[in-house]
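Can you keep this structure in mind? I'll have questions shortly.
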Amino acid sequence: MTAGADASADTVSIPLDKKLEMYRMMLDARLFEEKAHKLFFEGLVKGTSHLALGQEAVAAGFAAAMRSDDLTFCTYRGHTHTLLRGADMGALMAELLGRGNGICGGKGGSMHLTDVSVGAMGSYAIVGAHLPIAAGAAWAAQARGTGQVSVVFFGDGATNIGAFHEALNLAAVWSLPVVFVCENNLYMEYTPIGAVTAVPNPAADRAGAYGLEGIILDGNDVEAVYSTATAALEHARAGGGPQLIEAKTYRHGGHSRADPGTYRPDEEVQEWLDRDPIPAFRARLEAAGVAAETLDTIEAESDAAVEAATEVARSGPFPDPANLETQVWADGGSSWRN
Amino acid sequence: MAELTYRQAVARGIAQEMDRDPTVYFIGEDVAAAGGVFKTTEGLQDRFGPERVRDTPISEEAITGAVMGAAMNGLRPIAEIMFSDFFATCWDIVANQIAKARYMTDGQITLPLVIRAANGGGARFGAQHSQAMENWAMAIPGLKVVAPSNAHDVVGLLAASVRDDDPVVFLEQKSLYASRQEVPEGEIVGELGKAAVVREGADITVVALAAMVPRALEAAETLAGEGIDVEVVDLRSLVPLDVTTVLNSVVKTSRMVTVEENPRLCGWGAEVTSIVTEEAFYDLDAPTLRITTPHIPLPSADTLEDLAMPSAETIASELRRVGNG
Amino acid sequence: MTAGADASADTVSIPLDKKLEMYRMMLDARLFEEKAHKLFFEGLVKGTSHLALGQEAVAAGFAAAMRSDDLTFCTYRGHTHTLLRGADMGALMAELLGRGNGICGGKGGSMHLTDVSVGAMGSYAIVGAHLPIAAGAAWAAQARGTGQVSVVFFGDGATNIGAFHEALNLAAVWSLPVVFVCENNLYMEYTPIGAVTAVPNPAADRAGAYGLEGIILDGNDVEAVYSTATAALEHARAGGGPQLIEAKTYRHGGHSRADPGTYRPDEEVQEWLDRDPIPAFRARLEAAGVAAETLDTIEAESDAAVEAATEVARSGPFPDPANLETQVWADGGSSWRN
Amino acid sequence: MAELTYRQAVARGIAQEMDRDPTVYFIGEDVAAAGGVFKTTEGLQDRFGPERVRDTPISEEAITGAVMGAAMNGLRPIAEIMFSDFFATCWDIVANQIAKARYMTDGQITLPLVIRAANGGGARFGAQHSQAMENWAMAIPGLKVVAPSNAHDVVGLLAASVRDDDPVVFLEQKSLYASRQEVPEGEIVGELGKAAVVREGADITVVALAAMVPRALEAAETLAGEGIDVEVVDLRSLVPLDVTTVLNSVVKTSRMVTVEENPRLCGWGAEVTSIVTEEAFYDLDAPTLRITTPHIPLPSADTLEDLAMPSAETIASELRRVGNG
């Protein structure tokens, strides 16, 4: 599929339980982040947080298609990606609140969620840096013959930084099993990507520079994402080399923290709210005969999970001050002298 | 005389210079239409137009390369690197190209440019958005390094930096952005390389920079109540470094403590300490002391971050150790 | 003209004096560097030197086409580019020998030749760095309305580093008057570019990623270079934005210093020696009726110029030790303290 | 016992570890088929094959990113950055990603990797290919920093670095590549964080690193003839730093001089000096002294470069100033 084509046409038949799993994933992500947003305004989430509200279909479609030992690399906008690989929701929420029971013991915070045990290999807060790192993990997979695939998510803005270019070229030359996924939500922080990018599709229109096909995808269609992801993972796993996918999507809210996102035209926001991936998928599921109660139950379960996670976080202890100086080194400490 | 935040002082300083000199241009990520992620540059694009105040792609090498090339060819550009941590993504341009061009060409190339960035911790942003990296820049010959501690100095030192014919790394301490100060109307132009004795004292010299200055002052007040009279020196710029003011103070007090936000190793505190040990050894009545963040990446959790960075309390308790004997 | 096309077809009629100027330029460059090579083996050129023997047509064609206030940015392989913009040959040679009468007072050396007075804005020794710098100079030209164009020369290897990507995108987005010229000599230091690059034409095949046409050029045909350069400069000067040109060429010798270049197949080397731009151009000039004596005279003059320059360099004083600590700052000194 | 050059010691060290551990891989520019631009890695690709010894594009961020990712996923990779100056082109990956990953994830990520580079001046390569940048790395929490001064240590410390579970920046001093030493056959494994007293002496402690070690030894010999007995400490690694050996020596001699190749400001000499001043103040009988390159980019001309870097002669004459009183 080349730039301009719509990947949803490729949707293969997806088993119902996979569909329901993805529905649950999207709801988990949505409700988790809506709660995080609330907690930010309560002053409980310190520092910053970058929500992916509206972008859940990309994370869900990929996570559902990945093998359990595949590796995810994401950005500061990484709550959803980390959660949907299977990280513990309570530990994630606790991390946002800077608690000792957080997934990184409070050392990482919202921008650095990581759960290596489920293949969530880190959230990277400097734009573009994780692309070569993901390629490196794929190189190790190739060298060791593990059959793992690295999947690396990044924004449209990341396509203009040097590391993007270096990673794509290396991955292509070494035929590495890595899938590069650009979540094009049309904006950097506040600047429209079109204002600072030489091509209309910032990722897909550059695929040719690395001998790759440019794949464009409706990132709000979770089934399309799942199908494209499945194909890309298979391709990479089979030794076909990297893939570059541009998923068109939109964040419902601002870039981070309290940003209201007012730099975006109202009509544009409305148009994308109308394309919210969750109700759209629900409608499709219902049309396909899934009972509303089934979906309501899933929603209620997600809600309960988020409430429970919130409780775990709120009641979590603050980090032990003794942990301030641990885990700089592999010996567990931080000593640089004798 | 209006109250100005440190944040507002940035825009005021830039505007003062853009008004004065049509060759001053300003570029960076999200700085123009949106006024900057820290709201430090609001209104500049409206006032000076989209040619002179421009948004860039997320391309730090292109941004710093652009101001370098532009400075070679008739502009006096200012670039913003959003968080000083991101200097790492363009360190080649800054440390290997900008810093060295004049020397390598024996003076053929002059680079009157300023690169501003939000520096330091305290905002719970985690290890990749919180570094105090003034020591990275200080270690590179050819870079001037400025880090104001208050709104008045932001305006004055920014103006001095823009007018300076050499490349200046201008570090705004992000935990100070909300701090306020009375700042007079009218043009303000400071001077690079002049430290300020912001509190006179007889017993201990405390040398501090940026966010550590108000904390050192607070610690000094605490100790005043305990009969220890602390002198606080605000370095304001690291390059050029006002060694004279530091030495004069040490000669007076015979004791010196440096307070820096940097992780432990190779910070400016070590440099100042070494200079003093070499040049005022016989004036010292007690070992020097460096207060720093431990040699760790900065943690995100508020409680841990507060523990990591030198606070007024830890400064005070360290000063007590040095005593006034 | 797009990737794969041969720009020489566009050769417009070039006045004879321009042709002879280019012939002289190529000879100046050739003889200057042959001499530098000799002096290296005599131990007089210290450190390193990177010769462009065989690549002279690119430098000559561009230099001949540029306006005197246009700006050249080149690499450590920059003797020729700097010389042909008009830098003093004696001062260049003296710089290679580390003398005080060198063009940079001995502070720059072979890799950093610069003569701002003739628009030779520096030789940059870190691969790729000068691309954004050249774009920046073009930005100033645009802002100040000077009508200058920046021309930046770089190797095939430089197309895989991040700065290439960032510079091209910025230049395209801001429509900057800059011409990017890739001198594709098929090798990095010792590694064939094809072994580490995802596309066959490392620059031209990436032009599309910046909304540009990929222009491929026979870099050993000085007339083709001149014509393409003239068109590109006009385009950029007229506000048409950047151009990206890939000139295919070859270095006759090794990468640097004493490298014999033995990693290259003999037949490949021979094939390119047969395409040496200087005899080829001479043959064409003679075929067009230029008298052999005219060309011999030029050659003799070049030779004499190089000999004179060598004498200037050999007899130049070593740098005054007092200059060690000058020119770090604009005040002429290096003091960092009071 | 064979004579080995410092250059050959690199290949020997890498080969020793690749032989032992099949998860050790090695990548870099021109390192494989051509054996490296400094001929430090000749024969490795022939011996270990093109999978384990690979040439890369000129993409320092991709190279360092690749070893980081690979180290997360089961390899113990080694990367070469050809000249240490080029660390600036990938400083984000090294300083912001590799150094911080373990701490930010509270120990979830372990990065057993080594990044080697040719460091320092003396080869007349000019300011962009001659920097001694060990202080850049030392200033970043999370990086270990090693810089051997002789062929034996190259093998042993390279082995120790590969076996270490933390990221190590391994700096080979390019002006030492041609130096030779008897090195025993068989496996050699050193230890990080152990300085060596390479010459015992009673009067002055000289702390040196890499190329400054032989120069300090030469200066010590000169002074021996003048009745000044110099002890020379080769730090060998900056992180971890063997403070104990330095302090023990200073307690004995009561005088300390550091000799480093770095430009003046914020080098490891300042760090060591500050530590000594703080912890052994009352043991010092004279001001400490730092010998460094001036705070300038390094010039290319041989005469100027020689003048800029600390030589045995300048070290000797500075040591005379410190005296043996």
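Points worth noting:
A, B, C and D are the chain letters, set down in written order, and residue numbers restart from 1 in every chain.
As a convention for this text, a contact is a pair of C-beta atoms (placed from the backbone, for glycine too) under 8 Å apart; a residue touches a chain by one contact, two chains touch by 3 or more.
Keep in mind that this is a model prediction, so the values were computed, not measured.
Of the two chain pairs shown, A-D and C-D, the one joined by more C-beta contacts is A-D. Using CA-based centroids throughout, the chain positioned farthest away from subunit D is A.
Taking the mean of the C-alpha atoms as each chain's centre, subunit B and subunit D sit 30 Å apart. Inter-chain centre distance (subunit A to subunit D, centres taken as mean C-alpha positions): 40 Å. Centre-to-centre separation of subunit A and subunit B, using mean CA positions: 36 Å. Counting partner chains per residue, subunit A has residues 104, 106-108, 112, 124, 126, 129, 160-163, 166, 169, 173, 195-197, 323, 328, 334, 336 touching two or more of them. Touching two or more other chains at once are residues 56-57, 59-61, 85-86, 88-89, 92, 96, 103-104, 126-128, 141-142, 239, 264-265, 295-297, 299-300 of subunit B. Contact residues on subunit A toward subunit B in their complex (touch as defined above): 46-48, 98-99, 102, 104, 106-112, 124-129, 157-158, 160-163, 188-191, 195-197, 263, 318-319, 321, 323-325, 328, 334, 336. Only residues 71, 104-108, 112, 114-117, 121-122, 124, 126, 129-141, 143-144, 146, 148, 150, 162-163, 166-167, 169-170, 173-174, 323, 326-332, 334-338 of subunit A touch subunit D when the two sit together in their complex. Within the complex formed with subunit C, the residues of subunit B that make contact are 23, 25, 51-52, 54, 56-57, 59-62, 64-75, 77, 92-93, 96-97, 101-110, 112, 141-142, 164-166, 193, 239-244, 275.
Interface residues of subunit A, counted against subunit C in their complex, comprise 160-166, 168-169, 172-173, 195-199, 205-206, 208-212.
On subunit D, the positions that touch subunit C within their shared complex are 29-30, 33-34, 37, 55-61, 85-86, 88-89, 123-129, 264-265, 294-297, 299-304, 307-308.
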